[in-house]
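One chain, chain A, appears in both complexes that follow, with chain B as partner in the first and chain C in the second.
And then the complex of A and B:
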(Lines of atoms letter the chains of each structure in order from A and count residues from 1; the text may use other names and numbers.)
(Lines give C-alpha, C1' and ligand atoms only; values in the text may rest on other atoms or scores of the structure.)
Protein backbone atom coordinates (compact mmCIF):
# COMPACT_ATOMS: atom_id res chain seq x y z
CA UNK A 1 0.00 0.00 0.00
CA UNK A 2 1.87 3.06 -1.21
CA UNK A 3 1.00 6.66 -1.88
CA UNK A 4 0.27 7.62 -5.47
CA UNK A 5 2.83 10.35 -6.23
CA UNK A 6 1.73 10.71 -9.88
CA UNK A 7 -0.93 13.25 -9.03
CA UNK A 8 1.57 15.42 -7.13
CA UNK A 9 3.90 15.41 -10.14
CA UNK A 10 1.01 16.19 -12.46
CA UNK A 11 -0.21 19.14 -10.39
CA UNK A 12 3.30 20.51 -9.84
CA UNK A 13 4.11 20.16 -13.55
CA UNK A 14 0.86 21.80 -14.55
CA UNK A 15 1.52 24.62 -12.09
CA UNK A 16 4.99 25.29 -13.53
CA UNK A 17 3.57 25.08 -17.06
CA UNK A 18 0.93 27.64 -16.15
CA UNK A 19 3.59 29.95 -14.69
CA UNK A 20 5.64 29.75 -17.89
CA UNK A 21 2.67 30.17 -20.27
CA UNK A 22 1.31 32.99 -18.11
CA UNK A 23 4.56 34.95 -18.21
CA UNK A 24 5.00 34.36 -21.97
CA UNK A 25 1.49 35.61 -22.78
CA UNK A 26 1.91 38.48 -20.35
CA UNK A 27 5.15 39.47 -22.08
CA UNK A 28 3.23 39.40 -25.38
CA UNK A 29 0.93 42.02 -23.90
CA UNK A 30 -2.28 39.94 -23.64
CA UNK A 31 -3.04 40.33 -19.95
CA UNK A 32 -6.64 39.02 -20.13
CA UNK A 33 -5.60 35.92 -22.10
CA UNK A 34 -2.93 35.16 -19.50
CA UNK A 35 -5.58 35.38 -16.80
CA UNK A 36 -7.80 32.96 -18.75
CA UNK A 37 -4.90 30.48 -19.01
CA UNK A 38 -4.43 30.63 -15.24
CA UNK A 39 -8.14 30.09 -14.70
CA UNK A 40 -8.19 27.08 -17.05
CA UNK A 41 -5.16 25.59 -15.29
CA UNK A 42 -6.71 26.03 -11.87
CA UNK A 43 -9.92 24.37 -13.14
CA UNK A 44 -8.03 21.36 -14.49
CA UNK A 45 -6.06 20.99 -11.24
CA UNK A 46 -9.24 21.41 -9.20
CA UNK A 47 -10.85 18.61 -11.24
CA UNK A 48 -8.01 16.22 -10.35
CA UNK A 49 -8.03 17.28 -6.69
CA UNK A 50 -11.80 16.81 -6.42
CA UNK A 51 -11.43 13.18 -7.57
CA UNK A 52 -8.72 12.60 -4.95
CA UNK A 53 -10.80 14.17 -2.18
CA UNK A 54 -13.85 12.17 -3.29
CA UNK A 55 -11.82 8.95 -3.02
CA UNK A 56 -10.71 10.02 0.46
CA UNK A 57 -14.28 10.73 1.60
CA UNK A 58 -15.52 7.39 0.24
CA UNK A 59 -12.73 5.61 2.12
CA UNK A 60 -13.48 7.52 5.34
CA UNK A 61 -17.15 6.67 4.96
CA UNK A 62 -16.41 2.97 4.57
CA UNK A 63 -13.93 2.85 7.49
CA UNK A 64 -15.84 4.88 10.06
CA UNK A 65 -19.41 4.28 8.75
CA UNK A 66 -20.01 8.05 8.91
CA UNK B 1 2.66 2.11 3.46
CA UNK B 2 5.83 2.34 5.51
CA UNK B 3 7.06 5.40 7.35
CA UNK B 4 9.69 5.84 4.63
CA UNK B 5 7.03 6.01 1.89
CA UNK B 6 5.06 8.47 3.95
CA UNK B 7 8.00 10.80 4.67
CA UNK B 8 9.34 10.51 1.13
CA UNK B 9 5.97 11.44 -0.29
CA UNK B 10 5.60 14.34 2.15
CA UNK B 11 9.08 15.69 1.29
CA UNK B 12 8.27 15.43 -2.41
CA UNK B 13 5.08 17.40 -1.91
CA UNK B 14 6.92 19.98 0.21
CA UNK B 15 9.59 20.42 -2.47
CA UNK B 16 6.92 21.00 -5.13
CA UNK B 17 5.04 23.37 -2.80
CA UNK B 18 8.13 25.47 -2.06
CA UNK B 19 8.56 26.04 -5.80
CA UNK B 20 4.87 26.73 -6.47
CA UNK B 21 3.79 28.73 -3.40
CA UNK B 22 5.44 32.09 -4.30
CA UNK B 23 4.49 32.05 -8.00
CA UNK B 24 1.07 30.34 -8.01
CA UNK B 25 -0.46 30.25 -4.52
CA UNK B 26 -3.82 28.98 -5.84
CA UNK B 27 -2.23 25.90 -7.44
CA UNK B 28 -0.09 25.43 -4.31
CA UNK B 29 -3.21 25.33 -2.12
CA UNK B 30 -4.76 22.67 -4.37
CA UNK B 31 -1.49 20.72 -4.42
CA UNK B 32 -1.27 20.69 -0.64
CA UNK B 33 -4.92 19.59 -0.50
CA UNK B 34 -4.20 16.73 -2.92
CA UNK B 35 -1.09 15.68 -0.97
CA UNK B 36 -2.95 15.71 2.34
CA UNK B 37 -5.86 13.74 0.85
CA UNK B 38 -3.50 11.16 -0.66
CA UNK B 39 -1.63 10.66 2.63
CA UNK B 40 -4.91 10.35 4.52
CA UNK B 41 -6.27 7.86 1.95
CA UNK B 42 -3.10 5.78 2.23
CA UNK B 43 -3.40 5.74 6.03
CA UNK B 44 -7.05 4.68 6.07
CA UNK B 45 -6.49 0.91 5.53
CA UNK B 46 -4.29 0.88 8.67
CA UNK B 47 -6.93 2.85 10.57
CA UNK B 48 -9.44 0.26 9.33
CA UNK B 49 -7.31 -2.52 10.85
CA UNK B 50 -7.20 -0.69 14.19
CA UNK B 51 -10.96 -0.15 14.04
CA UNK B 52 -11.47 -3.86 13.35
CA UNK B 53 -9.30 -4.68 16.38
CA UNK B 54 -11.35 -2.31 18.53
CA UNK B 55 -14.55 -3.95 17.30
CA UNK B 56 -13.21 -7.41 18.17
CA UNK B 57 -12.19 -6.22 21.63
CA UNK B 58 -15.58 -4.57 22.17
CA UNK B 59 -17.41 -7.71 21.07
CA UNK B 60 -15.29 -9.80 23.49
CA UNK B 61 -15.85 -7.28 26.29
CA UNK B 62 -19.58 -7.23 25.72
CA UNK B 63 -19.75 -3.51 24.91
CA UNK B 64 -22.97 -2.39 23.26
CA UNK B 65 -22.28 -2.16 19.53
CA UNK B 66 -24.25 1.09 19.22
CA UNK B 67 -21.81 2.86 21.55
CA UNK B 68 -18.75 1.68 19.63
CA UNK B 69 -20.37 2.71 16.33
CA UNK B 70 -21.06 6.17 17.78
CA UNK B 71 -17.46 6.51 19.01
CA UNK B 72 -16.09 5.46 15.63
CA UNK B 73 -18.37 7.93 13.89
CA UNK B 74 -17.12 10.66 16.23
CA UNK B 75 -13.49 9.79 15.45
CA UNK B 76 -14.28 9.91 11.73
CA UNK B 77 -15.98 13.30 12.04
CA UNK B 78 -13.04 14.60 14.07
CA UNK B 79 -10.47 13.43 11.50
CA UNK B 80 -12.36 14.89 8.53
CA UNK B 81 -13.14 18.19 10.28
CA UNK B 82 -9.51 18.58 11.33
CA UNK B 83 -8.42 17.80 7.77
CA UNK B 84 -10.73 20.43 6.28
CA UNK B 85 -9.83 23.04 8.90
CA UNK B 86 -6.10 22.59 8.38
CA UNK B 87 -6.43 22.86 4.60
CA UNK B 88 -8.48 26.04 5.00
CA UNK B 89 -5.97 27.50 7.48
CA UNK B 90 -3.09 26.53 5.18
CA UNK B 91 -4.73 28.49 2.36
CA UNK B 92 -4.87 31.53 4.64
CA UNK B 93 -8.59 31.34 5.44
CA UNK B 94 -8.49 31.24 9.22
CA UNK B 95 -12.13 32.27 9.57
CA UNK B 96 -13.39 29.36 7.43
CA UNK B 97 -11.08 27.01 9.35
CA UNK B 98 -12.55 28.17 12.66
CA UNK B 99 -16.08 27.59 11.32
CA UNK B 100 -15.17 24.10 10.10
CA UNK B 101 -13.79 23.31 13.55
CA UNK B 102 -16.90 24.71 15.19
CA UNK B 103 -19.08 22.61 12.86
CA UNK B 104 -17.03 19.52 13.68
CA UNK B 105 -17.47 20.12 17.41
CA UNK B 106 -21.22 20.63 17.08
CA UNK B 107 -21.61 17.47 14.98
CA UNK B 108 -19.49 15.50 17.46
CA UNK B 109 -21.60 16.75 20.35
CA UNK B 110 -24.76 15.77 18.48
CA UNK B 111 -23.31 12.29 17.87
CA UNK B 112 -22.33 12.00 21.53
CA UNK B 113 -25.86 12.68 22.82
CA UNK B 114 -26.92 8.97 22.81
CA UNK B 115 -23.77 8.06 24.78
CA UNK B 116 -24.43 10.84 27.30
CA UNK B 117 -28.01 9.64 27.69
CA UNK B 118 -26.74 6.10 28.23
CA UNK B 119 -24.38 7.29 30.97
CA UNK B 120 -27.16 9.30 32.62
CA UNK B 121 -29.48 6.29 32.57
CA UNK B 122 -26.73 4.17 34.12
CA UNK B 123 -26.19 6.77 36.87
CA UNK B 124 -29.93 6.92 37.55
CA UNK B 125 -30.05 3.11 37.75
CA UNK B 126 -27.11 3.05 40.16
CA UNK B 127 -28.65 5.73 42.37
CA UNK B 128 -32.19 4.39 42.26
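And then the complex of A and C:
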Protein backbone atom coordinates (compact mmCIF):
# COMPACT_ATOMS: atom_id res chain seq x y z
CA UNK A 1 0.00 0.00 0.00
CA UNK A 2 2.92 2.31 0.86
CA UNK A 3 4.36 1.94 -2.63
CA UNK A 4 1.01 2.85 -4.23
CA UNK A 5 0.70 6.03 -2.13
CA UNK A 6 4.27 6.97 -3.13
CA UNK A 7 3.49 6.63 -6.80
CA UNK A 8 0.34 8.75 -6.47
CA UNK A 9 2.34 11.60 -4.91
CA UNK A 10 5.08 11.18 -7.49
CA UNK A 11 2.60 11.46 -10.36
CA UNK A 12 0.93 14.47 -8.71
CA UNK A 13 4.33 16.17 -8.33
CA UNK A 14 5.21 15.45 -11.95
CA UNK A 15 1.86 16.87 -13.05
CA UNK A 16 2.43 20.13 -11.16
CA UNK A 17 5.98 20.35 -12.51
CA UNK A 18 4.84 19.78 -16.10
CA UNK A 19 2.22 22.54 -15.78
CA UNK A 20 4.86 24.98 -14.46
CA UNK A 21 7.36 24.05 -17.20
CA UNK A 22 4.64 24.37 -19.86
CA UNK A 23 3.72 27.89 -18.72
CA UNK A 24 7.38 28.99 -18.46
CA UNK A 25 8.16 27.82 -22.02
CA UNK A 26 4.89 29.23 -23.38
CA UNK A 27 5.66 32.62 -21.79
CA UNK A 28 8.99 32.59 -23.67
CA UNK A 29 7.02 32.28 -26.93
CA UNK A 30 7.98 28.69 -27.82
CA UNK A 31 4.66 26.94 -27.68
CA UNK A 32 5.76 23.94 -29.79
CA UNK A 33 8.56 23.19 -27.30
CA UNK A 34 6.08 23.57 -24.43
CA UNK A 35 3.81 20.94 -25.99
CA UNK A 36 6.74 18.60 -26.61
CA UNK A 37 7.76 18.82 -22.94
CA UNK A 38 4.15 18.21 -21.88
CA UNK A 39 3.98 15.18 -24.17
CA UNK A 40 7.24 13.83 -22.71
CA UNK A 41 5.84 14.31 -19.19
CA UNK A 42 2.61 12.52 -20.07
CA UNK A 43 4.63 9.65 -21.56
CA UNK A 44 6.69 9.29 -18.37
CA UNK A 45 3.56 9.32 -16.21
CA UNK A 46 1.80 6.79 -18.50
CA UNK A 47 4.83 4.51 -18.38
CA UNK A 48 4.69 4.60 -14.55
CA UNK A 49 0.94 3.86 -14.54
CA UNK A 50 1.31 1.00 -17.04
CA UNK A 51 4.03 -0.56 -14.84
CA UNK A 52 1.73 -0.44 -11.80
CA UNK A 53 -1.25 -1.83 -13.75
CA UNK A 54 0.99 -4.64 -15.05
CA UNK A 55 1.97 -5.49 -11.45
CA UNK A 56 -1.72 -5.57 -10.55
CA UNK A 57 -2.53 -7.99 -13.41
CA UNK A 58 0.37 -10.23 -12.41
CA UNK A 59 -0.94 -10.29 -8.83
CA UNK A 60 -4.48 -11.15 -10.03
CA UNK A 61 -3.11 -13.95 -12.26
CA UNK A 62 -1.08 -15.42 -9.42
CA UNK A 63 -4.05 -15.26 -7.00
CA UNK A 64 -6.41 -17.06 -9.39
CA UNK A 65 -3.65 -19.30 -10.90
CA UNK A 66 -4.52 -18.11 -14.43
CA UNK B 1 19.58 5.49 2.94
CA UNK B 2 20.17 8.45 5.32
CA UNK B 3 17.95 11.50 4.67
CA UNK B 4 20.96 13.83 4.65
CA UNK B 5 22.48 11.87 1.78
CA UNK B 6 19.22 12.10 -0.19
CA UNK B 7 19.01 15.86 0.40
CA UNK B 8 22.65 16.24 -0.71
CA UNK B 9 21.89 14.23 -3.87
CA UNK B 10 18.85 16.38 -4.64
CA UNK B 11 20.91 19.55 -4.12
CA UNK B 12 23.65 18.21 -6.43
CA UNK B 13 21.19 17.34 -9.22
CA UNK B 14 19.36 20.69 -8.97
CA UNK B 15 22.66 22.62 -8.88
CA UNK B 16 23.99 20.74 -11.91
CA UNK B 17 20.88 21.24 -14.05
CA UNK B 18 20.48 24.83 -12.77
CA UNK B 19 24.08 25.53 -13.78
CA UNK B 20 23.44 24.04 -17.21
CA UNK B 21 20.43 26.34 -17.67
CA UNK B 22 22.46 29.31 -16.44
CA UNK B 23 25.22 28.59 -19.00
CA UNK B 24 22.71 28.55 -21.88
CA UNK B 25 21.08 31.75 -20.53
CA UNK B 26 24.48 33.47 -20.34
CA UNK B 27 25.23 32.53 -23.96
CA UNK B 28 21.87 33.92 -25.09
CA UNK B 29 22.45 37.19 -23.20
CA UNK B 30 25.98 37.62 -24.58
CA UNK B 31 25.19 36.87 -28.24
CA UNK B 32 23.76 40.31 -29.26
CA UNK B 33 26.76 42.18 -27.80
CA UNK B 34 29.20 39.78 -29.46
CA UNK B 35 27.42 40.15 -32.81
CA UNK B 36 27.68 43.96 -32.46
CA UNK B 37 31.40 43.62 -31.66
CA UNK B 38 32.13 41.49 -34.72
CA UNK B 39 30.24 44.02 -36.89
CA UNK B 40 32.44 46.81 -35.49
CA UNK B 41 35.54 44.76 -36.28
CA UNK B 42 34.35 44.07 -39.83
CA UNK B 43 33.52 47.76 -40.39
CA UNK B 44 37.06 48.64 -39.29
CA UNK B 45 38.43 45.94 -41.60
CA UNK B 46 36.36 47.34 -44.45
CA UNK B 47 37.73 50.84 -43.83
CA UNK B 48 41.31 49.54 -43.81
CA UNK B 49 40.78 47.63 -47.09
CA UNK B 50 38.75 50.31 -48.88
CA UNK B 51 40.47 53.57 -47.92
CA UNK B 52 43.95 52.66 -46.68
CA UNK B 53 44.67 49.59 -48.86
CA UNK B 54 46.41 48.09 -45.83
CA UNK B 55 47.87 44.56 -46.25
CA UNK B 56 45.44 41.99 -44.85
CA UNK B 57 47.43 40.92 -41.72
CA UNK B 58 47.85 44.56 -40.64
CA UNK B 59 44.24 45.35 -41.50
CA UNK B 60 43.07 42.41 -39.39
CA UNK B 61 45.27 43.49 -36.48
CA UNK B 62 43.88 47.04 -36.62
CA UNK B 63 40.33 45.66 -36.88
CA UNK B 64 41.04 43.69 -33.68
CA UNK B 65 41.66 46.93 -31.81
CA UNK B 66 38.24 48.24 -32.88
CA UNK B 67 36.43 45.37 -31.16
CA UNK B 68 36.58 43.39 -27.96
CA UNK B 69 35.95 39.82 -26.86
CA UNK B 70 35.77 36.98 -29.40
CA UNK B 71 35.59 39.39 -32.38
CA UNK B 72 38.97 40.87 -31.44
CA UNK B 73 40.37 37.38 -30.85
CA UNK B 74 39.12 36.24 -34.28
CA UNK B 75 40.86 39.08 -36.12
CA UNK B 76 44.04 38.76 -34.05
CA UNK B 77 44.25 34.99 -34.58
CA UNK B 78 43.53 35.29 -38.31
CA UNK B 79 46.33 37.87 -38.64
CA UNK B 80 48.71 35.63 -36.69
CA UNK B 81 47.89 32.52 -38.79
CA UNK B 82 48.20 34.52 -41.99
CA UNK B 83 51.70 35.67 -41.05
CA UNK B 84 52.84 32.35 -39.57
CA UNK B 85 51.50 29.99 -42.23
CA UNK B 86 53.85 30.12 -45.18
CA UNK B 87 51.73 29.89 -48.32
CA UNK B 88 48.46 29.45 -46.43
CA UNK B 89 45.59 31.37 -47.96
CA UNK B 90 43.62 34.03 -46.08
CA UNK B 91 40.58 31.74 -46.23
CA UNK B 92 42.51 28.98 -44.40
CA UNK B 93 43.82 31.41 -41.77
CA UNK B 94 40.31 32.83 -41.25
CA UNK B 95 38.79 29.36 -41.01
CA UNK B 96 41.33 28.15 -38.43
CA UNK B 97 40.89 31.36 -36.40
CA UNK B 98 37.12 30.92 -36.54
CA UNK B 99 37.40 27.35 -35.25
CA UNK B 100 39.60 28.50 -32.37
CA UNK B 101 37.31 31.41 -31.47
CA UNK B 102 34.17 29.27 -31.55
CA UNK B 103 34.80 27.91 -28.04
CA UNK B 104 35.17 31.42 -26.59
CA UNK B 105 32.14 32.95 -28.27
CA UNK B 106 28.35 32.81 -28.00
CA UNK B 107 27.85 32.85 -31.77
CA UNK B 108 25.51 30.14 -33.03
CA UNK B 109 25.97 27.96 -36.12
CA UNK B 110 24.27 30.45 -38.46
CA UNK B 111 26.59 33.26 -37.30
CA UNK B 112 29.60 31.00 -37.81
CA UNK B 113 28.36 30.10 -41.31
CA UNK B 114 28.06 33.79 -42.23
CA UNK B 115 31.55 34.52 -40.90
CA UNK B 116 32.92 31.39 -42.58
CA UNK B 117 31.57 32.51 -45.97
CA UNK B 118 33.30 35.86 -45.57
CA UNK B 119 36.63 34.06 -45.18
CA UNK B 120 36.48 32.73 -48.73
CA UNK B 121 36.39 36.28 -50.10
CA UNK B 122 39.12 37.81 -47.93
CA UNK B 123 42.34 38.41 -49.81
CA UNK B 124 41.11 36.35 -52.78
CA UNK B 125 39.68 39.14 -54.94
CA UNK B 126 39.87 42.87 -55.63
CA UNK B 127 39.18 45.63 -53.13
CA UNK B 128 35.65 46.32 -54.41
CA UNK B 129 34.67 42.66 -54.23
CA UNK B 130 36.07 42.23 -50.70
CA UNK B 131 34.29 45.39 -49.53
CA UNK B 132 31.03 44.12 -51.03
CA UNK B 133 31.41 40.80 -49.24
CA UNK B 134 32.16 42.51 -45.91
CA UNK B 135 29.12 44.79 -46.32
CA UNK B 136 26.93 41.76 -47.08
CA UNK B 137 28.27 39.91 -44.04
CA UNK B 138 27.73 42.94 -41.77
CA UNK B 139 24.15 43.27 -43.06
CA UNK B 140 23.39 39.63 -42.28
CA UNK B 141 25.00 39.89 -38.83
CA UNK B 142 22.99 43.06 -38.12
CA UNK B 143 19.77 41.22 -38.95
CA UNK B 144 20.82 38.32 -36.68
CA UNK B 145 21.65 40.80 -33.90
CA UNK B 146 18.24 42.50 -34.17
CA UNK B 147 16.53 39.11 -34.02
CA UNK B 148 18.68 38.01 -31.05
CA UNK B 149 17.99 41.25 -29.13
CA UNK B 150 14.25 40.78 -29.63
CA UNK B 151 13.86 37.60 -27.64
CA UNK B 152 17.19 37.18 -25.81
CA UNK B 153 16.01 38.19 -22.32
CA UNK B 154 12.81 36.11 -22.46
CA UNK B 155 14.67 33.06 -23.78
CA UNK B 156 17.45 33.46 -21.20
CA UNK B 157 14.91 33.59 -18.34
CA UNK B 158 13.19 30.50 -19.77
CA UNK B 159 16.45 28.50 -19.75
CA UNK B 160 17.26 29.64 -16.20
CA UNK B 161 13.91 28.32 -14.93
CA UNK B 162 14.06 25.22 -17.11
CA UNK B 163 17.45 24.23 -15.67
CA UNK B 164 16.16 24.12 -12.09
CA UNK B 165 12.81 22.58 -13.09
CA UNK B 166 14.55 19.84 -15.10
CA UNK B 167 16.51 18.98 -11.94
CA UNK B 168 13.28 18.81 -9.94
CA UNK B 169 11.71 16.54 -12.58
CA UNK B 170 14.77 14.28 -12.55
CA UNK B 171 14.61 14.03 -8.77
CA UNK B 172 10.88 13.21 -8.88
CA UNK B 173 11.33 10.51 -11.52
CA UNK B 174 14.32 8.83 -9.84
CA UNK B 175 13.08 9.12 -6.23
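The definition used in the following text is that the second predicted complex is superposed on the first by the 63 of 66 C-alpha atoms of A that agree within 3 Å, B and C clash if a C-alpha of one lies under 4 Å from a C-alpha of the other, contacts with A are read in each partner's own complex, and residues count from 1 in each chain.
Everything that follows uses one rule, which is that contacts are C-beta pairs under 8 Å (C-beta built on N, C-alpha and C of every residue); 3 or more make two chains touch, one makes a residue touch a chain.
Keep in mind that this is a model prediction, so the values were computed, not measured.
Colleague: Touching A:5 in the superposition: chain B (first), chain C (second), both, neither?
Modeller: first
Colleague: Taking the superposition on A as described, I'd like to know which of chain B and chain C A:66 touches: first, second, both or neither.
Modeller: A:66 sits against chain B, while chain C stays out of touch.
Colleague: Considering only touches as defined above, state whether A:14 meets chain B (first), chain C (second), both or neither.
Modeller: Both partners, chain B and chain C.
Colleague: Identify the partner contact of A:53: answer first if only chain B is touched, second if only chain C is, both if each is, neither if none is.
Modeller: Touch partner of A:53: chain B, not chain C.
Colleague: Based on the superposed arrangement, let me know which partner A:24 touches: chain B (first), chain C (second), both, or neither?
Modeller: Only chain C is touched by A:24; chain B is not.
Colleague: Residues of chain A touched: more by chain B or chain C?
Modeller: Comparing chain B with chain C, the partner touching more chain A residues is B.
Colleague: Figure out whether A:42 sits in contact with chain B (first) or chain C (second), or with both, or with neither.
Modeller: The first partner, chain B, only.
Colleague: Starting from the residues of chain A touching chain B, keep only those that also touch chain C in the other complex, and list them.
Modeller: 14, 18, 41
Colleague: In the complex of these two chains, what residues of chain A are touching chain C?
Modeller: 10, 13-14, 17-18, 20-21, 24-25, 27-30, 41, 44
Colleague: Considering the complex alone, what residue numbers of chain B touch chain A?
Modeller: Spelled out, the residues of chain B in touch with chain A are 1, 5-6, 9, 12-13, 16, 19-20, 23-24, 26-28, 30-31, 33-35, 37-42, 44-45, 47-48, 51, 69, 72-73, 75-77, 79-80.
Colleague: Per the contact definition, I'd like the list of chain C residues that touch chain A in the complex.
Modeller: 151, 154-155, 157-158, 161-162, 165, 168-169, 172-173, 175
Colleague: In their shared complex, at which residues does chain A touch chain B?
Modeller: Where chain A meets chain B, its residues are 1-5, 7-9, 11-12, 14-16, 18-19, 38, 41-42, 45-46, 48-49, 52-53, 55-57, 59-66.
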